[in-house]
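Going in written order, the chains are labelled A, B and C, and every chain counts its residues from 1.
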Amino acid sequence: FLDQLRLESLALSNLVANQQLTLSTVNWFAVGNGAIINPYRTSPTYHGQGSRLWRWARYMMALQRAPNPPVTALEHWNDAGDCWCTAMAPSPGGDGGAQLAVDLQRPVYPKRVTVEHLPKAASIEIRSAPREMELWVRVSGASQDSTPHASTCGAGPRGWTCLGRFSYNVHASNHVQTFNLDVDLESMGVGPATNYMVRVDSNWGLPHTCLYRLRLHGDAA
Amino acid sequence: FLDQLRLESLALSNLVANQQLTLSTVNWFAVGNGAIINPYRTSPTYHGQGSRLWRWARYMMALQRAPNPPVTALEHWNDAGDCWCTAMAPSPGGDGGAQLAVDLQRPVYPKRVTVEHLPKAASIEIRSAPREMELWVRVSGASQDSTPHASTCGAGPRGWTCLGRFSYNVHASNHVQTFNLDVDLESMGVGPATNYMVRVDSNWGLPHTCLYRLRLHGDAA
Amino acid sequence: FLDQLRLESLALSNLVANQQLTLSTVNWFAVGNGAIINPYRTSPTYHGQGSRLWRWARYMMALQRAPNPPVTALEHWNDAGDCWCTAMAPSPGGDGGAQLAVDLQRPVYPKRVTVEHLPKAASIEIRSAPREMELWVRVSGASQDSTPHASTCGAGPRGWTCLGRFSYNVHASNHVQTFNLDVDLESMGVGPATNYMVRVDSNWGLPHTCLYRLRLHGDAA
């Protein structure tokens, strides 16, 4: 009985905390706030198993849906499958891996990132959940060399700097997880950023990775 | 005041329970988990009142929406009308009545069914809610004769067996109602099932029946 | 710590209250209950800043979405931007301002109106939220002259009467706010109404106004 009570109290406190997060913080990655996907720095979408012909045949017979586009990772979700999956394997410390790039409508000083995934207990395949991730921003011109970037990050593209590395835990009690960034632009004396990139360095075991929702919190410039 | 408190405490406990159900159990009827509608065993969709010409005229004038397709009964809902309605009357004990057939992507041992409907107090027409329902599965080959099926069920198609009968109560405090099945395939020594059919034996008073959402819980094979 | 506790308890009580409102009252403005937008009395949609050519160019480059249509103000929302914005400035006491007209499928005795907006703390621009609003109904024939209408309302179109004036407060703890009407048709001895109009008399500071969701509660005729 006490276990049941503890479980329910945990569920309730997560419910309230997640609700509060949504109702009391601006999400700069929201499409309604002007965020759009940068397709040039976003890795390709996963199209499911089987050959291209086989998938086409299934799709034609309405046995398979078209995969969700990258913008799905910025949108509200309700159910299993309301996510974006990328075909690229996570790539620790370098280019060419799973990543999602987002351009904002206006510059922002980022402070925290929220990562959401379908809870493990409701999931038929939790191994596609992200594990270690990095947040990168593009910094303009001269400042790019002098900016300290989070030392734990891998190598990034020229002109970009890493603001933090964080780890999504599929075993945690709350499937909505918010991470403070190691460094923030304001304290670095660098201007606010408009171009963002979230990299997946590792996941929970599959070649492809699925993202249910990413949110960015911070202060308007 | 105590009545108010009791009401709120009931509302809260339902809220937490429903949230927990969603976050802690796999729903095999979720489209994102690969479930698709089997159109051959699904009864026709209800197109509303009035003659075909009248409905067409209203539709052309944007005074009427196209009816939701059967897959709506597998999807998340928020509002009145986010449901699938079938034109067939409930049919106790036989073929030809209201039913929805769902094929899974992989075989499953079913354990429980969840039925959801818009709560009575928020509904302008609760009489279209389902009442007595049956869950059927297709069992392959030889096993079909020897399988004990829930004796309270009506007659079903050849090669299918009934796993349970349950009753959705529009007067219950929680509009999300989960039912344990009378028998489960694993205990029967039969293989897991991929093809499912939910039958509506009776509803709350109308000729047509609406389903807001059906969920299937159980163990992967 | 006590402040934190108070905040969480407030969040929880709002969560339960909002859930209860949704699950225990009929919303006559729901599209699924047959409500449709009356385009002749609804003010034009806001298309965003910049010239027509500039917006078209951005739209073509997929940098801008098409604006949401008026019916969005009757629908469920999850995120920033899931609203309808009208280009017309609020117009205290007269025609030609921001307004949304809704026709029901059947006549209703209106009792309360619910107004929802994205909470201030989650909003990058709260000044587009509505402030003072009026609910108008069309009354037929002879009764129109004798009907007492809420004296605080501005002038309305011929054949329409004002049932109440209310004020949405962006600083309130709950972003879902329900208002009792000053007068109701039943007590006035007038027949139930099918045609409704919600007017925005003022907002929180911008030339355009956005409506996340309007709901109408009352008794069926």
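Assume contacts are C-beta pairs under 8 Å (C-beta built on N, C-alpha and C of every residue); 3 or more make two chains touch, one makes a residue touch a chain.
Just so it is clear, the model here is predicted, and its values are computed rather than measured.
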Contacts shared by chain A with chain B include exactly C
Given over half shared residue numbers means same and under half means different, the chain B/chain C interface is different
Rounded to the nearest Å, the gap separating the Cα centres of chain B and chain C is 34
Flagged in chain B as touching 2+ other chains are 12, 15
In their shared complex, chain A is touched by residues of chain C numbered 7-8, 11-12, 15, 62-63, 65, 78-82, 119, 121-124, 175
Within their complex, chain A touches chain C through residues 12, 15-16, 19-20, 22-27, 30-33, 36, 75-76, 220
